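Shared chain: subunit A. Partners: subunit B in the first complex, subunit C in the second.
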Partner chain A sequence: MSATRIVITGMGAVTGFGFEWQTLWEKMLGAEHCVRPWQPDDLQEASFAVRYAAPVDMSLLPEKLHSHAAWTLPLEKRSRFGWVAATQAVNDSGLQPEQLRGAAVLCASGAPQHMLADMLLTAAPDGAAPGWQHLMPRAGQVNADGSLRQSNDRLARVIADDLGCEGPVINISSACAGASQAIGNAFQMIRRGEVSVALAGGADSVLNLDTMAALYLLGAASGEQRWGADLCRPFDRDRSGLIAGEGGGFVVLESLEHALARGATPYAEVLGFGSSLDAYKVTAPQPEGRGAALAMQAALDDAGLRPQQIDLINAHGTSTPLNDVAETLAIKSVFAEHKHYQALAVSANKSQFGHLIAAAGAPECIVTALACLNDLVTPTVNLHDADEQCDLDYCAGQAVSRRVDYALSNSFGFGGLNTSLALGKYREHGQ
Partner chain B sequence: MSNASARIAITGSGCVLPTGWGVERFWSAAREGRSAISALQSPLFHSERVVAFGHVADDDHQRSRQDVAQNLQRYCPPAVIWGVSAVRQALAEAGLEPGRDDVRFGLYCCQGGYTHPSLASYGELLHECQTETGADMQRLAKRVLQERALDPFLVLKSLSNGLLGVVSLALKLECESNAYMQGVAGNLAALREACAALQSGRVDAAIVVGAGSELDPLALAALAEAGVISTDASPSLRAFDCRGRGGIAGEGAAALVLRRADDLPAGPQTCLTALFAHPRLDSLNLPDKQVDLLISSATGDPHKDADLARTLARTGAAHITSSTALTGMLSGAPSLVDLILARQALQAQSIPPVSGLEQPVDAHLPFVIGGPRDAVLHDCLVINRDDNGFSAGYQLEFHAAD
Partner chain C sequence: MNRAIYLHAAAVLNTAGSECADLLGTPRSAQPLAFDTRRLAFALPTPRLASDLFDRKIQRSVEPQGLRLLHCAARLAPSLAALQLPASRVALTAAIPEVDAPSPCWDAVQAIIEQPHKQLGQLLANTPPLHALTLLNSSVMAYVAEALDCHGPMGGFCSQDNAGLDALIEASQQIGERHADAALVVSSSPNLTPALYLREPDQANEPVFGEGAAALLLASTPPADTTHVLRVAGFARGYSADPQRSLAVGQRVIDQALSLEKLRVGDVEQVVGNCADGQLMKLLEAFPREIRSTRAMTGELGASGLLTEVALTLHLSHETTATPGYTLLVSHTRAGHWGALLLSSETMEKHA
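Right, the complex of A and B next:
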């Protein structure tokens, strides 16, 4: 195994809290959330089954970002968020353009937005049957948000072109584990010596009629109205499904040697990455969390860490009935020795800024890195009455000040893909 | 055990392509220079400007379905079914069976296409909700949500990692994995990660699979808008030919099983010795050494192919061929298909012709024209280019049995 150490030197996050990771961190430590009433733009009255989400609030856009090209080029919304987050991460890192030339870009983005809008192009103006003959003449009429020409690798390409990155440009497509996978792959590429710098993360927005309808029909999205905007309740007895958010997140990863040579100060160190497959069901986790446990164990092995060294788990914590129990069981199986699971802090972020789907792993990795840096753990908000099968310390309600030397950040996806990133407090002289 | 220089051998391959089910059918079509591009057929749409497509035949689709359990098929668009079938073929040739063999697997997928659900999923509903002033979204939402008028598995069928999920379910693989989008960049990323996992010792056998289909009016319109496919009713794709009139899309799946060469018993081996890429074709870091065979993707546009030919000339290859005209342009497995072709050529010591090539864009380049050509082949270079310019190269070496 190479002795190359890999550190996080830049971070960028666009979420419902705003357009900077600093805002995200501050709001999360304050136990706030940004879930609010929502319905698809296409509908005139509040009739949609899913009533809440955590959308990006454009009124929070800082003046300095008004001129970013992301807001003027023909891009999907998710790509705009991702591009802005990537720019922030690079600025945050202090990397100069010439230092980015050989950098890799690894990006996760979800299903194209506006599928329905595209399909409406096939509809005849006179109400006749939708058909190809209507589509071709109108294909050039796609508006600035249109997705017709925007394949899933669009964001990665835009970022690479904008920043002048000529290293590998890789588009990851592993559903809700996507951004975590992108960061994990970037870590592996630097460790193998293929590149010295990588920009990794993801962006997504499912806040449109067709995708949210599909998620609702699958039983994944919550239509609960009992708790108002507090309906995202990871590990709670009254959890009822995921609450979608939107946004993007990116981190700059560098070999420590490269970072120190240019005088950068690392936020945290990436120590290992693990992935696994449930091979159980497309839409449901293996009930005992077997796949999730395999991914966490793989991350620990990759990092050379013993389970007893882990202080914090940033949980996938979707607030769905199945995930939260399975993840709890997985944690208990991996950290069974000496019942170390009782000593762990487990924190779920999705009740604060929603489920960012393909991008979820990126801001969650950022929050985990900041926990290692500051010895502060963000709370799991809206957790008031834990499910009897969810019996870990989830840091309910308010942030916790505790030593965090090592942490795992979990992300699991539709299709049964599980990932776990191992992060550690940056130490000048190694772990 | 980590050995970054461990040689990686291709030990199994499989495919479901317009040329048929299985590698033998693909190889036969390649040797005969027989293109499988045919008239575009869809019950949903027609076009007078886009008239040809590389279809997977229904018989081959039905045969592939036998490789996927009935209860899984409801989650699967056709390309995912082909992907599972291709993986099963590749594993069979490699003599591996997950669950039976004490082998640590890795699974690396690339899905092509724009992952739009087909218009079929929405067409009837859109028609029903159409008014004189446009679509009645309120009614559409009500029909979808309250009356369940939409296929509840729609989102799963359009998952861009659906291939990964279904292959893992079909083969009960709980292993390390990743899923990539799309085309050459996706294939390269999957292959690179597979090789790295083998060389690091994390896995003993890597399954790399790609699948996709552009048989959807939205996808084809996007490709037409981007200038990737011809819109002048061209019935055939002429690779590297002055008479070319542009690209034609296709569909299909291909899979490879990779292993560390040193783990295999003595015998002939085709090894993947290098992978490289660059955002621009003209900056691709081509190997210094002259290769025996070069396999290159083509655009079907004579001007673009002439540009491509200038890069190919730098390789000094002894022979050049292409598979693009056989299948059409594939979004899910372009590089995997070319690697299969390369392996077959190296094993057979025979080079298939460029299908349909009569008037090369560069008369000085050693394109194989007409019929197959026997030659002594030790190595092969594959060069693939995405329509956004991203290009990848793969080097293979053939090691005969000692």
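Right, the complex of A and C next:
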């Protein structure tokens, strides 16, 4: 690999905690979560099995963002969140428009969000089977903000158009590994010299009837009622499935040379990226975590790090029965030498802001970068009684102050698409 | 790139046929769309999957675009197996459009019509779980990985027509940087649905869409069974939706793709691109020979368009009359993406 160093110089996150990464970090260190009661907009009655989520709270929108074009242009909801997160990241970086011209934009934006109202336009007037032929004469009624009008890569393009980016504009589609792949691919593009600056991340919102029904039917989303809003409990014996969040996250990546030349101060350094495929079952992770281990090992190899150098793993930690055991086993296999897994801090951000699906890897990368910067690890909340197969130090309940020189951030996608990002504390004179 | 990348095999599926040679046949006429007879397109019947590779449930649960992709991927299984590589050294990259109306949507519509008094949440709770899988195109990648035993690096792309090039570049980089020794690159066009047309800002210049799929097998070693090889020699990407900047970006992308081999457009034997794209033609006006395109045979194939052209280039490079030389494939999407791919057709002696 080349000696080019790649650093994070700007961050933007929109989550249930709000619209700024500073708020996200503060609330997470305070062991808060933003899960609350939720029902799909399409439903008038409380018949839906999934009752909790971590939606974006628009009442938290800061005044300076009220006039952002994301709120007025026809866009899917997730794209609005993503665009705002991208703007925040660029503003945070201090990059000027002329410095963005050659930049790449890499964005994961998940599966289309189908509006039930649009789909009902396919209904036949005579009660026959629904079909597209019935929709075409009613095309004028199709919602401008829905997936039938908004292509999946709209967010990536709207960001590039807004910022005048003329580098590669890439829409990523690898399920819950999407944003992590976007950041990993952006890192690789800078390292290869294809671009000097990249804006990478993702946005998603599955908080609609269509997608949440699918996630519930697959056994992924929790319909548990026992714990109230405290039901996202990764690695706990009583975990029952994922709790969806929504929002977006973007990071500005630059070559260190480019960053220093303009006087930027890096938050952290991106050191490596690895990905893999489970090739096991579409509905379940490989039980021993084989694919997850391959991705983590690939990230370590790519970064030139030894397992013993890792201090923190920001786990995928979905709170699903299968993932959390498989990920624990994967960590134990990669960090087996001298039982280094016993010395690791493992943290599951989804316990605090839910699962952002395609976007998940972006705010989690931001939290990992902040851990490296501040030597603080955010907690896994709602973890009271660890599963006997989940026997690592998950930083249960409260933030941990400890040295974080190197960290991995894991994102594993539905169908066994695995990614791991290796991050390190930024040091002026290299790793 | 740190090492050479060769194209080993290709599989296509489109209205011209399922063999690359079919793309050299006589163009057929586009037909009226079933849901809008005023519009013409190249629609394709849903293919049957090989039952020895795929569970029969997949045939029932995956959307047509995914089935087309799986059909092509399956045909590369023998070539991949012949490489005898560990599964962890085989990468998989995919260019898959998102599904515009997966089965759960149709089920919901039908259920609401039939039982309007019933609570919607209860209706959806009775949807067969397998149908829920169709929501996610990562399921299709997972099926390919499982059937063809790919455990290596992965990448999924969805940048409309440019996604095929994104997937091919990512696969090449994974091999070039030694993260993998071979890679499957799989792609599909979107299903023909109203979304394709409702998203089009300019109905006057609406293309004739087609349905299809293409898959490629790349490896770090040249194929053993041929004297002619096709090597990935360069690539580049860019974007501009600004009419004032688009040509400059397109020129930069072409120059960048040619730069590794120190070429100019005039040095290239063949150029592949959409002859109906005015900006593209302006950039290539100095090219002295005819510009090749299979669009008349297939319609616009979206994410699988460029890979279909690569598959034909590979086929042509294997012909006994093939002469060494470069092929430059240039893509320009209506959204503003520019992409260029340089392939080098070579004889084995060159690498001996």
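As a convention for this text, the second predicted complex is superposed on the first by the 418 of 431 C-alpha atoms of A that agree within 3 Å, B and C clash if a C-alpha of one lies under 4 Å from a C-alpha of the other, contacts with A are read in each partner's own complex, and residues count from 1 in each chain.
FYI, a contact is a pair of C-beta atoms (placed from the backbone, for glycine too) under 8 Å apart; a residue touches a chain by one contact, two chains touch by 3 or more.
None of the values given here were measured: they were computed from a predicted structure.
With the two structures aligned on subunit A, subunit B clashes with subunit C. When both complexes are overlaid on chain A, the residue A:229 reaches neither subunit B nor subunit C. By the touch criterion defined above, A:260 lies against neither subunit B nor subunit C after alignment on the C-alpha atoms of chain A. Contact with neither subunit B nor subunit C is seen for A:373 once the two complexes are overlaid on the shared chain. When the two structures are aligned on the shared chain, A:61 is found in touch with neither subunit B nor subunit C.
In the overlay built on the shared chain, the residue A:399 is in contact with neither subunit B nor subunit C.
Comparing the two interfaces of subunit A, the one with subunit B and the one with subunit C have residues 1, 40, 42-43, 45, 47-49, 111-112, 116, 119-120, 122-124, 127, 129-133, 135-136, 139, 148-149, 151-153, 157, 160, 166, 168-175, 181, 185, 188, 192, 209, 211, 213-218, 274-283, 290-291, 294, 298, 413-417 in common. Of all residues in subunit A, only 1, 40, 42-45, 47-49, 110-112, 115-116, 118-120, 122-124, 126-133, 135-136, 139-140, 148-149, 151-153, 157, 160, 166, 168-175, 181, 185, 188, 192, 209, 211, 213-218, 274-283, 290-291, 294, 298, 413-417 touch subunit B in the complex they form. Only residues 1, 40, 42-43, 45, 47-49, 105, 111-112, 114, 116, 119-120, 122-124, 127, 129-133, 135-136, 139, 142, 147-153, 156-157, 160-161, 164-175, 178, 181, 185, 188, 192, 209-211, 213-219, 274-283, 290-291, 294, 298, 302, 413-418 of subunit A touch subunit C when the two sit together in their complex. Of all residues in subunit B, those touching subunit A in their complex are 2, 4, 44-47, 49, 75, 107, 111, 114-117, 119, 122-123, 126-127, 130-132, 134-135, 137-138, 140-142, 144-146, 148, 150, 152, 154-156, 158-162, 164-166, 168-169, 171-183, 185-186, 188-189, 192-193, 196, 200, 217-218, 221-222, 224-226, 277-279, 283, 388, 390.
Residues 34-36, 87-88, 92, 94, 96-102, 104-106, 108-110, 112-113, 119-122, 124-125, 127-129, 132-133, 135-139, 141-143, 145-146, 149-160, 162-163, 166, 170, 173, 177, 179, 193-195, 198-199, 237-242, 245, 249, 335-337 of subunit C are the ones that touch subunit A when the two sit in their complex.
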